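Lettered A, B, C and D in written order, each chain numbered from 1.
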């Protein structure tokens, strides 16, 4: 045990300060996509919906409905359309109501309407 | 959809309906209605200490690994007043992972019933939120189908930081910021 | 001067009961009549016993007789008073139990007749004032008990069990006779009183020989290890009240014999006699409870627990004798008193438990604990009564076992007063052994009560158990007696201390009972407590949570949910602790004693890991049977082969034997 | 002790004869996978022949076809044999007419688990009518949608595990689960105990069955990969690689070398963090909190390293059909890996110097080499019993073919042996990662996903040495490049069947968590 005690002292503190202050390791985490409405057309939106493996994206008229809860941040949509989709960098996504997790992204790209 | 109504009316007392289970759905509905009030009063209800029981309803074991890491030195859940307890009898909060396999209904309901009120349910991970599996003969697709969920934590798997945030939201010590996010380029990243 | 008349009244009642049984045992009213008479006799015996405790020894009454066998001599002594009172109590309880337990029939008629005569014979043993009377009564009692055990001779094992009883009882009888012959020859009298008064004439060597013979002889009946083997064999095969009688009384008669020799006939003796007795008792206690822990059959379990209790009693007596040798008269008398008190207590709750075992067997058709379970729901009355008895025998307050064992321990803890370090250590060792024993006893009776009464029924019979029309009065009476003997301990001890004054000449009373319901073991400067106040206190403690619940109930709203089972579909009976698994730790710890033979059969040993049933057995080896009795039996058979030629069947040869015998007798007479 | 395996071994004597006897045509080439079709009647003889052959080990048994919708669609029974000495896999496929086939588990006991699964999924069972356990599909409880199967439903439902489970004599069943400790997967233990030692142990593995193989039908391999990774999250790369390799074999594509090295880097990272997690679990099960903390620091650093290198803590989404979707961040790896691994090594050294810890591990949960061979155990568990079986050495694919591999090993087969094997493997993994980075590992796909999608269908077998051992996958595609049958066989499927053997060997209650930690399996992997 003394051995372990010494190890612990030598090792020091590694505990994160989160939530008091942000944690640097969060930058590496995969995060859901953020869309650029003005780069989104219906065709592109449909392609994104096809690409998404977890039914997180559906198109309703000129609105792309994005279910953050269903999103696994797999990044397929970003690969499909790097210009229109980027990582949001958000990992604090807990919601107290599933409705808060459903986002409506307007399709403003030319040719959208 | 509101979880309460989901639990109540879609609380189609799952295939193996026994009187106890039907009764419990009504019970859950009532608790779920008061869930918000409960979360706001939670610091009064539980002081600053809360005991957590986890429930795996078909996860891929990654969510379990992340939950185990919550007590690791890097995150040290205890400093925030959360503790894990193996006995649902002592648990205030139920962390549910996985898409709620139908074969698991009995166990899930028994675990929930075994918890004393007031109690919270946290759906953890994309499976639990309907991301990976569609409802079918094997799974309900989401946890909300069977249990009255109070907090939803997305992510596949949700990182320990995301879990910490979710737990703090559950006890109302942090605000759920996701409602204000738009996930459009100019709204997504501040 | 009224003890003897009371007892002869009891005898008369029992004789009448026997006649009534023979006459009307084939009908319920007949049985009731018989039991009424028997109970009446019991009451009389109880009264007589208590009276002789208070009044001291009575005069010797001589009746009839002849020059050949001597006369019939009767005397009610305070030493026998405890046993007589116990006999009466057992008789009353059994009388209340029998009518619902036995069905009318010729078998029952004979059985009840034999039973009542056995009561009579036992009483005769207790009031015998002369050697011949004692021996005749003793032998009669033994034979009648043999017939009791043979109630259902066609069942397997019955003959075996009865034979074990008879064989060991007769072996013991020979030794007892030898012991009495030595004393009678050396003191030139057949009257116990005179023997006691002339004991100093007997040379020390002869005295010790006589004592050892008696200890062994009565040890067979009392069940001292290794002479105990008949108990676990005979008790299960006898009817419930029969085995209750065996354990509650017959075994105690063995103890009575030992006290007779150790405290009345030959009180003075060397220290080693006491130490030896004490050691025998301690070993008996430990072995008894250890074997009890590995029995599934309730009655065998209870039989082994009887052995344990006898061990405790004999340890107390042995320690008492040791104290005598070191001049500690106070502790000598005190430990004798404590031992007798334990005799009364054990007789009470052991009778209760055996009667309840009979109830369980009637209700479920089995005595195997691992086939019972969940009886508390189905047989509430039986479970409550049994619980009282269990608390008593597990020596837990506020029941009687606790008081007497506490007294015995307090006596042993004062071993330092002997002054001899070695002996002090030995006495403390004995105390430690008893400590282990009583710890294991609690363990054993948690098991003995919990497995059959709590949990889920393990078999269909257990699930269908019902206590409709099952006897309740008798056991209930005994349960009350258990509580009374504890709560009223100070009173009981006053009575006993009076008896001790007559029996030992030592006055315990002032140090025993300073008026305020407190018990002080012999020396005032050692320790003391009040069973009565303890009971009151415990009840108060129990009341507290009840009050809190009643007070708090309105505020707490509660939801009733099933027991947390890890979310599986349903508990199954096979998922509960069983009697044998509960005692597995002892099998592991005392491996060397049990030498268990383990057999495992597992379908999953199939190379592919294919599924199937599992069977696991761990049987303790019958050590005494294998290493002690088998050799003896073989030896006897071997000798028999030599003697056989003498019985050739030739009449002339037999005539020659007669002639030779007469000749030898004549020559001996002439010398 | 470690045994360096030669890069390549000559064909074992008698193998040619055996194969040609089995009807392998010379044209079938000398690829790493030899496919032979055995007629149903000859199956038993062939299995006997192969089971007796020292160089062959039954790696997997599965069925395909038997679609109830198509009339007369017979079930095809496939046996996968690892010809390890020959660095080849042998796949025998036999068409089974009717509902019976020879009792394989009597000849090769390792086949039993699969016999049960095939019965539940395809309704065909071995002759002889020996009891079959329920291993895959949960019991149908009450009304509700009938559970879909890969083939026809069995005539009568299979027996529960060990049912009717009669516990006789002086033993009772200690029920444990399915909801167990905090943060562990759901699993039901039936512990048959005499009060002290464990007499018997059985598992209900069907609680978590999600019908993954059923879900993958009709999807393109790339879509299916998403589910493959999420079948066993702690083995995402191993399973993903095996599946991708199978799909690539079926599609006839050949990923570029740097992509293969990137995969290998991910695979070794997965091995590292799994062994660190197993170490933490061992400390937890032995109640050594300080050791657990130390191991968890290492684990967390390794996971963060994964995120830095591949963008995901559990390396999801690295493997792709025909290559990898992301390349490793070599600089981050070179910078962080030594430190992270150092944590693990220091923790391990301190642990091995802690007697109270080592004593709990020694002679606990012994699995004999005979049992491991009989039950077809793979991975560290098998290596700890002295079986030097490692797919990376026995069936080297790029990039392992190039570099000799020191196969870690131990003899005693107890928990300590498994622990030491894990530590040795971790060291080896670090070395390999260095070599692969040296050789250059980066993103890359053979051709555009669309191009791949159009390929006409064949079938293929894929394999990888995941952190738990040999992971196998078999994929059959239809004309439009969609999956008709995909078989996943993660290592967990194999090693759980060794778990109860290890538990039964002279152990008491408190040893079970230790043994479970040392096996470090997932329920998700075995009940897919």
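Here are some notes:
One rule holds for everything that comes next: a residue touches a chain if its C-beta (ideal position, glycine included) is under 8 Å from a C-beta of that chain, and two chains touch if they have at least 3 such contacts.
Computed from a prediction, not measured in an experiment: that's the story for all the values here.
Using the contact threshold fixed earlier, the set of chains in contact with both subunit A and subunit B is D. Here B-C and C-D are compared, and the pair linked by more C-beta contacts is C-D.
Per-chain Cα centroids separate subunit C from subunit D by 65 Å.
Separating the CA-averaged centres of subunit B and subunit D is a span of 31 Å. Separating the CA-averaged centres of subunit A and subunit C is a span of 80 Å. Each of the following residues of subunit B touches two or more other chains: 73-74, 88, 106-107, 110-111, 132, 156, 159. Residue positions of subunit A touching 2 or more other chains, listed in rising order: 14, 25, 29, 54, 72, 74.
Shown for subunit D are the residues that touch two or more other chains, namely 178-180, 186, 293, 297, 313, 316. Listed by chain label, the pairs that touch are A-B, A-D, B-C, B-D, C-D.
Only residues 559, 561-562, 564-569 of subunit C touch subunit B when the two sit together in their complex. By the touch criterion stated above, subunit D contacts subunit B in their complex at residues 138-139, 141-148, 178-186, 206-211, 215, 227, 230-234, 236, 277, 280, 293, 296-297, 299-300, 303, 313-314, 316, 522-525. Looking at the complex, you find that subunit B touches subunit A at residues 1-3, 36, 39, 73-76, 79, 126, 129-132, 134, 144, 149-156, 159, 161-162, 164-166, 168-170, 174, 176-179, 181-185, 187-189.
Residues 14-16, 18-19, 23, 25-26, 29, 32-37, 54-56, 66-74, 86, 88-101, 103, 105 of subunit A are the ones touching subunit B in the complex. The part of subunit B that touches subunit C in the complex is made up of residues 20, 27, 87-89, 106-108, 110-111, 113-114, 116-117.
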